[in-house]
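Pasting a structure here, questions to come.
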């Protein structure tokens, strides 16, 4: 059952903005790799680096943060804060010898189903290529 | 609790159409089930065998399916008709 | 490129009931019509052309003649736009259009003008008989001469040019190239349609209508032949006399049924009768009826003392020959047959 | 006759509009009685497959609303009951008489185990599957019915008593009789919904004669998970259809059948069904014969475009007549408006997209004092500013009782009815 | 740790089970430690299944449940209620989304969809194992609402809310109420004019003690959230004293003497108005206003009316409300220059301008000094665009154009109407109008969407050409004296309000509701509701319905005086906290403060201020902050479960 070549991606989505977009992708039957797993958080600037590292540690090949961007209903500082988290985590990943490119972030608005699918496809492709090497 | 059916029987009469309808249904039901005893069949095959109009067979067959007497199997080579079989 | 002319519809209203503006172009009428096929899809196209005022399209079209008004389109039209009645109106309009004299249009649009024409002809006949001192023999003799003369002249000066115009509109104007020989090859079609109207049979439930129509046509033509050629009123030949009686009875009975139908409005085709429709059936009825009575009077030797009977017949006859035949509904008989003929030719091309 | 029950609001009809209105009012603290004439609440919507334009499943939206309504402490529901008469005594005082039909099953005791159904020897057409299959004389209406309990169709019952013998809960009770209940309410919401056009009124479409001509509701049932057949099949011979035609405006926008108005939903539900059919039967062709596509609501036009992209064929032209060929296929005759030529097309199944008509008997409940419009829908007296207001103060209308509308519009209209009712009731309190 | 967990795998009819092998999912779930019951079900949300779960909880003494079904956005509350009815804490429940993010997203690959579903369910089980019993936060709510926009929807909502007992602040950006409705003359179905409807509503609003009307007012600031929004309003000066007692005639004279003329927006710029103005004579509020942008303060008007005060200054007012209802309405689509000759050919106008033109021209229809006979209406301008961004249908325009054409014909019997459309959409009872117009002789011409009609100038004439699909696609033309562009709806410029309230916007640029059927007037921002044409193109009746519907929801929300909120909030582990102050910087709500704990200083989170965004979490260098519901153990065990 376990398909080791098929990279697994963990997506952090946000309840009110990016998760509805991911739902919409399903609703519109826009397909993306089935090894994409989504975990919900209230806001993308609430993600701890610890969780991301944990995911890599346990075997995820890539982590994607579907950020609120400027749509965030909590604060307009969300984008900056999320970027900071990503930057910090990149540092920590380098320390652990994980390719920082395996952590990606992009703003996904509440109707950006198509954008999400595109991101997933290209990220998945990137990860399978790097896995092959 | 007593048998309330006896009470209503004193007040109501069963109409002839209900009786006839029941008889007809049970007859067709027996015919369809018998026809499927030997092998699984499609609606046109059953209809031809028991000599009944296609839509009558479809209606009764689907009713039998609904009540779990029979089930649908594979579709034929032309992807046109399903085979139906008795449900064990 | 065609210019839309919203005033055209108002012109068509003058030729019949005008609900057709309500059309929302669903095409139901064309689809339910049992006479339509891939080559001839009507009546919606004609409705559309009437709404938009594309009169070119109508003049060059044979569609109105191909319709026998079974009424299916009207009873099922979701907007109750009555396409069948429009086709009828267009036939009337086309009759006027083909007529080079312009009288047809005037007669059809204006009841007043029609009545005026009828009265003038009646006065003419009466004036003539006064002039002849009510001499039965002369009048009857001249009446017979008039029959022959009018047939010849109406045919030559009115009907033939009008048919020619029709041909010009439907074949030449649209630029259809027809080989000369084709006209001969398909000529039998013209005769078949003219005498049998077999196309009506394509309409649903109209066997009786077709049959009655057929009998009427033959009855009429036969009576025409019997009176004009065989000189029914003058002959002593028992066979001819009997023949004339039968023909005239057939005519007035069938037309009586037709009139009754128009009064009852029991069929879709009868719902919106125009004056020209009434004139046609009533005059045909009168023609048969008066001819019958005239011959009865002759046989009973009453005609001498009852010249008024013949005069009545003569008035009807003159009106028929000078008004209804060249300009009225009678022309449908020819235009329709020619339309079938031209349609066949077009399809062959 | 028993004592009079009192509520704040009587909601007539337990479909989506009635439920929405009732929930809104109950949430504001009013006591609401819903009277539903059918065996289950949920109205028409509960029988639909997926709904446009979001394509989420209808049951997934209705059933939670149904159970929320059923469980709400401020809401009482009488199913299988009818309002026979409403008399307005004065403002805030309506007296209504209800008739509660006997189910011959004790509602509270029935567990919906369906053993009685197994035992019943009678089979008649199942109205909840729109006659496509049979049901028994004793039956649970449908699997997601609420209440999910059995009822006996006494007209078709053979009085054999088999159900009573097998019932483990002893809940069959043939002694039940029609019950009359008097109620007193302060206000009434009419949410009686609509009825579907009966296509036998258009004989040239052959519905009822040609079995492969079905109504859109029958097709809808074929597309739901609790469908009558094991797949989408032709009712005539059980064949898998591969060329399906939709006949739009069947009974709408048609003066000759007495319904000149547009039913507002047929275009969209047909497009939706076409999309669902393409999912259920990937090889099938679907053709929609239309006059005008009315995809006017939020996201509707996009949905229409999507169906074109998926390969649904759209042909402008009303179907004039339908004929059956030997193998049960259908020949549809129409004028292809875009080419102006009359054409005939063969399809193996035709779906009549039937329209929405006003339900009967709405005004007679109010002793004919309630005004109807020219199409027999409830007249909206002040349609611009108070869209739920009828000609009787204190009586409001929700959903399709006032005219054709789709589900989102019905829900909004129910919201409006509840707001206007609430405003009216509030006025009553202020007076006291 | 929960160890008697119930797992329910929903087939969602066949939505899920068509692609995900639900039996496999159930079997996998059964094998996991702590799972006590695992079942599949046709519809988890159906009443009978809810009952079954409830019974399971009671009879089997379950301590947590997992439902694998659709998106939690649809049914989270449904099942939390089930849990509660069964006697569980509603937060010992996790919903796993195997439909939108499972069967539907991966219908192209059923085996992998099944594998993903299994892993997601595992994750859900791990998460629920560590779930805590939580109690929702209750916050007080002010029984007051701000209704933004005093068009028909806003006015109607305000009235109904006030009737239901809620205090209403009705906020209108313009100096006058009525919005678009006041610009329409005779309206379809009732034959009332828009101004009459507005007048009727205004009088009720004006006398209602619970409604405060603010005109010339915009929201410029917002603090707080549902239950208590503190809004800052900016009121533009009207330059006329509010208690103006002057005879209306004086004010009319003042208008007459004003030397400044600007385009009259009320008449869609087909006429001019003065800097001191009233749009129509019975407009409300009754006193005129001075357009501060146009006025040069020459003082002519002051000489006539002493109640005019050109020294008035903008005012700021603060109000507190429990909820906000937006009904900011629409703008007619503005055609681009050259679109069907607009702005280039002088007799091309919009439908809205035409409506005003009819109202202003009493006896004969004259435009640009020319008597109009032939009018060409071009439909779908700015809607159903092939190249442009507006893919949607504007819903009201077909009916509106036909209705206007009928009115025009009634008023000026000589005119001819030509409708160049793409398929008439007079849905519902509006079909009657279409019928009426056709019978009256209006001509309808239809084009393909890709081949719209052409408007050309030939000498002195304006020609409209179309390839009419109703006439064999033949090219037809009309010599039009007036071309009316039937322009659709676009949302009214709302940038300010969007920036302040963060209302979500859909792909059609209108405000977006949560779900068109389940929650059609609510937005993802708690306490902010939408209604009327700011949500989607709607006609008047439909706008009012949605306004009333929203009013009903608002009333249920704020009238009880208490709002329940999710207990999701940050908590500080005092032992770990070293008070570095980083979290206070990160918190956008000032919810974190310093307190003494034992012998050190630690941070503390205020329950009423924390919104549970979690922004403080990642900044803590000691990892001393957890978000309830998203604790490290919950998140990490779930992530771990997803991978195996």
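All chains are identified by letter, namely A, B, C, D and E, in their written order; residue positions are counted from 1 within each chain.
Everything below uses one rule, namely that a residue touches a chain if its C-beta (ideal position, glycine included) is under 8 Å from a C-beta of that chain, and two chains touch if they have at least 3 such contacts.
It should be emphasised that the depicted structure is a prediction, and the values quoted were computed from it without experimental measurement.
Considering the contact criterion stated above, the chains in touch with chain B and with chain C alike are D. Counted as hops between touching chains, the shortest connection from chain B to chain D is 1.
In summary, the chains found to touch both chain C and chain E are D.
Here D is the chain whose Cα centre lies closest to the centre of all protein Cα atoms. At the far end from chain A, in terms of centres built from Cα atoms, lies C.
The chain pair D-E and the chain pair A-D differ in C-beta contact count, and the higher one is D-E. Chain centres here are means of the Cα atoms, and by that rule the chain farthest away from chain B is C. In terms of their C-alpha centroids, the spacing between chain B and chain E amounts to 53 Å. The centroid of the Cα atoms in chain A and the matching centroid in chain D are 44 Å apart.
Separating the CA-averaged centres of chain A and chain E is a span of 30 Å.
Each chain gets a centre from the mean of its Cα atoms; for chain C and chain D, those two points are 55 Å apart.
Residue positions of chain D with contacts to 2 or more other chains are 54, 56, 253, 337, 340.
Counting partner chains per residue, chain E has residues 424, 435, 470-472 touching two or more of them. For chain C, residues touching at least two other chains, in rising order: 24-25, 45, 79. Pairwise chain contacts in this structure: A-D, A-E, B-D, C-D, C-E, D-E. In the complex of the two chains, the chain B residues touching chain D come out as 1, 3-9, 12, 14-15, 18-19, 21-22, 25-26, 42-44, 47, 54-55, 57-63, 65-67, 71-72, 75, 79-82.
Those residues of chain D that touch chain C in the shared complex are 204, 249, 253-256, 291, 317-321, 333-337, 340-343. The touching residues of chain A, counted against chain D in their complex, run 27.
Note for the complex: chain E touches chain C at residues 416, 418, 424, 434-435, 438-441, 443-446, 465, 470-472, 474-479.
Contact residues of chain D toward chain E in the complex are 24, 27-28, 51, 53-54, 56-57, 59-61, 63-68, 70, 112, 143-144, 146, 148, 224-226, 253, 260-264, 292-302, 305, 316, 337-340, 373, 375, 380, 382-388, 403-405, 407-409, 411-416, 418-420, 422-423, 426-427.
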